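Here it is, the structure, as structure tokens.
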Amino acid sequence: MKSLFFRDLKLAIRAGGGFGLGLAFFLILVVLVPFGVGPQSELLSRIAPGILWVGALLACLLSLDRMFALDHEDGSLDLLATSALPMEGACAAKALAHWVTTGLPLTLAAPVLAILLNMPPDGFLWIFISLAVGTPAMSVIGGFGAALTVGIKRGGLLLSLLVLPLYVPTLIFGAEVARRGAEGLQTTTPLLMLAGITLAVSAVLPFVSAMVLKVNLR
Amino acid sequence: MKSLFFRDLKLAIRAGGGFGLGLAFFLILVVLVPFGVGPQSELLSRIAPGILWVGALLACLLSLDRMFALDHEDGSLDLLATSALPMEGACAAKALAHWVTTGLPLTLAAPVLAILLNMPPDGFLWIFISLAVGTPAMSVIGGFGAALTVGIKRGGLLLSLLVLPLYVPTLIFGAEVARRGAEGLQTTTPLLMLAGITLAVSAVLPFVSAMVLKVNLR
Amino acid sequence: MLDVKDLSVARGGVPVLEGLSFSVPAGQALILRGPNGSGKTTLLRTIAGLQPALSGQVEAEADSIAYAAHSDGVKGNLTVTENLRFWADVFGTKGIEHALQQFDLESLFDRPAHALSAGQKRRLGLARLVVTGRKNWILDEPTVSLDTASVQMFADTVRGHLAEGGSAVIATHIDLGLDGTNFDVTPYKATQKKLVGFDEGFL
Amino acid sequence: MLDVKDLSVARGGVPVLEGLSFSVPAGQALILRGPNGSGKTTLLRTIAGLQPALSGQVEAEADSIAYAAHSDGVKGNLTVTENLRFWADVFGTKGIEHALQQFDLESLFDRPAHALSAGQKRRLGLARLVVTGRKNWILDEPTVSLDTASVQMFADTVRGHLAEGGSAVIATHIDLGLDGTNFDVTPYKATQKKLVGFDEGFL
Amino acid sequence: MASLWEYANPLKFMRLTDRVLPWVSVGAAACLAVGLIWGFFFTPDDFRQGSTVKIIYIHVPAALMAINAWFMMLVASLIWLIRRHHVSALAAKAAAPVGVVMTLIALITGAIWGQPMWGTWWEFDPRLTSFLVLFLFYLGYMALWSAIEDADTAADLTAVLCMVGSVFAVLSRYAVNFWNQGLHQGASLSLDKEENVADVFYQPLLVSIAGFVLLFLALVLLRTRTEIRLRRASALMAREKLQ
């Protein structure tokens, strides 16, 4: 499991960028939105927490599709399945590697990008906290989606379709935390819900993913 | 070229959904944004044209990454390159197939989704027109990006990174048309610019893509 | 030690082989033979536990099977050493030098795997087998793309493995120069059950 | 008719073979030989025009080359017929029945290609060659995964192609039973140029 | 007494449904006709809502069935996962398109109703939101079925997806009870009765709900039969190939 985790990290870094790319996508998205909605800064600052969250979510999503697909194509997954490594462990390790290469850098970068969107400075801390608590859930849920669609060519879009609805609760509570934080309101309730989601999916989904993967290898 | 076009269509449809999936992603995205920014409908209706455009752009983008990648992996691209088919033609055919499977359905669906975002009914026509004129450019530009990144595993994110900046002019003018249309202002200038971009990239980029592809095959 | 009892296997829902029984004692190799499409790959995947059998059993010690198929599970972005070391870690064994040396990969040790020739990549895939430390090798056309010298290397490795009490099931179309039982799957081709009336059921 | 003059080829920026000259007249086959990693694939890709030569020339009629490599260019989601017909369309030829029949694919005609066995898929890849209608076949290990009967089929097809005035360059590790010139690439291995001083250039 | 499981045999299932289906269809048509005509033409307009209240006869049954369809799929999927009866998996597959249409009807009628009632087509309140997510799950569920070729694999994977999606089916029914915010009626049918005047609305509503239930049943049975025949046809075709 440890070795799988480190191999995935290494692969992410080698494959031209790794850490960098998720971030770059996030950055570009945050830059594109003002072009789309027009540059009125008061409007921007109101939608900033939401856009940052949606952006983080999409950046996560884009890097998901190859979580298992590459290993499936080159046969590694078959070999892993016949190895001593329990599949649950493999799924957890892969989700963790995904989080380290996307969720973590996104979380660290979000406060900086918040400036671009004219967010009030009080919100910086809260966008950071909400992403730190919420992104692990996105990696784990994404892992489940990736496991479901592993055998399908052009699975990328189907993956998004399956995973995005699952992301909705995380998004709602995460963005709520960030928004309330930015407006100086109480954040305890949504933050607790967010943490609850993250814990629940991390506890349950790796097992489901492992099951699904085994079915897919048949 | 015709055969390549029809094969790509066939593949898109066979691979579970084809048309449907790009659309579904668009739908989901448009649904997610209100979760992110919160459900105040007046705010939503102001950002609606921009969000629709950004959403269409991302839906295009997600389906891009496999435009050449699948053909590269299974060796078809090598074989195509040694065939009588000029590479420029192949690139154009592939971009066209991409547009028919994503850009076109997106354009048709956008007015419906505009309802979800509370857009004023006057804007429906304009969001349709702007997308109809703008999405072909996105497919052609996307084809260029896909050609650039064809040899790279996990190229998906890199592709986004390369292509998104290229999408900026299309996005600016497209969203401008939709926004002005929704507000009942003159749209001629941005619409002309948008059409100009589409024509220019369609005339030039297939040749560049072909060149880039040849380099990538080496 | 591997025991196959009255096994039937299917691919894509269609029965391919049925009524297979054989056993491969320690120290022995079974060479699977049969024309293209006869069902060797399907059989091997079933034995390796990657797909369920239609009926019958496969008996083997727990965690004793190492499977190698058409695709090598080699990551192009990792070097030869990194690839091997990863698999060694996954299977909890140590020391990849032996495997590198057995397949003459020492001079390529820090080459990223995507810059290997077809045969070199295949050798790396086979070296992976050695580092699994598993007893039962299930090999699907292992010598594809190998030149004669490398086929020899492979045969020597298998012989060494058998001498240490391992066993192997190998599907191949060429002669490997191994002495093992030949087993032709052709006679076990699944036959049609007679259709007795139309029962609106599946088949 | 294919003429190779004083060709040097490189992969990944490293020279692999140099000073190659040979010519393959119509009706003749050239069998490329050489151990794994000797540079056969690199040479064939250069001849097919997929990568530039370091120096030297490849002369062939325009649009006369058909290339077939390790990967078959077969789409799993299309059926056997659809795959072949696509390539026939691309190369502007008609009639795929002949090709289907030559590689005994008729009974599989409407099977999606992902449901073929390794050897069946390979046969489909080879059938593609026939529908290209091209004269110079450049083949990289065409018989991988094929059983003996299919190798025979392949050899017959090549013989037929030669008899019609085509030519072929085939890299292989096994004996195909074709009579053609054998050409061993080993002696042409690129040597290290002596370093003469430091001239601010690369090497 | 014969065990219920016997009807998991395709043959038995086909025989039984062959006899049952006409009755169910007739029942559905009758209930729908009575309920809708009664509701539309023989009830007074509501004192607050005017004639728009009549949408209730379509909206409520459709929304009910949209959620119930998912629960039915869940049960069928669980039976498939545990006992591996193919008919059960096919019934789940057959129910999805019917469910998605019900969802769509509820969404559209809700939106049309919302315009006069709330002054907006759409609002992101908890119930509407989770209902919309449920709609997306229906789409994903059907897309997954069609993307995977091997039938058993597809059945397994969609079954798992169905289990996960049930969270949202539950939410769209009970979300109002968790969060007491939002525009949409929190009322269950009984509360609705107290709030809205009387049996005048209530009785035709019940009849049309019964109609929707029967309609759903009829469509699912019909589609399951089709799926069984399709499976049978592809099995025969595969068999032919084998020779």
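The letters A, B, C, D and E name the chains in turn, as written, and every chain counts its residues from 1.
Just so we're on the same page, a residue touches a chain if its C-beta (ideal position, glycine included) is under 8 Å from a C-beta of that chain, and two chains touch if they have at least 3 such contacts.
Quick caveat, the model's predicted, so the values are computed rather than measured.
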Using the touch definition up top, find the fewest steps from subunit B to subunit E. 1
Taking each chain's centre as the mean of its CA atoms, which one is most distant from subunit E? D
Give the label of the chain whose average Cα location is farthest from that of subunit A. D
When I count C-beta pairs in contact, which pair ends up with more: C-E or B-D? B-D
Whole-Å gap between the CA centroids of subunit B and subunit C: 44
State, to the nearest whole Å, the distance from the C-alpha centre of subunit B to the C-alpha centre of subunit D. 37
Would you mind pulling out the distance in Å between where the CA atoms of subunit C average out and where those of subunit D do? 28
Inter-chain centre distance, subunit A versus subunit E - centres from mean C-alpha coordinates, in Å: 32
Check each residue of subunit D and list the ones that touch at least two other chains. 70, 76-77
Residues of subunit E that touch at least two other chains are 129, 136, 139-140, 143-144, 147-150, 152, 241
Residues within subunit A bordering two or more other chains: 11, 15, 73, 152-153, 158, 161, 164-165, 168, 172, 218
Of all residues in subunit A, which touch subunit E in the complex? 144, 148-149, 151-152, 155, 158, 161-162, 164-166, 168, 172, 208, 211-212, 215-216, 218
Subunit C partner, complex, touching residues on subunit E are 9-11, 14-15, 86, 149-152, 228-229, 231-232, 235-236, 238-239, 241-243
Once bound in the complex, which stretches of subunit E touch subunit B? 111, 120-125, 129, 132, 136, 139-140, 143-144, 146-148
Seen from subunit C, its contact residues with subunit D in the complex are 11-12, 34-37, 41, 70, 115-120, 122-123, 141, 144-150, 173-174
Show which residues of subunit E lie in contact with subunit A when the two form their complex. 129, 133, 136-137, 139-140, 143-144, 147-148, 150, 152-153, 156-157, 160-161, 164-165, 168
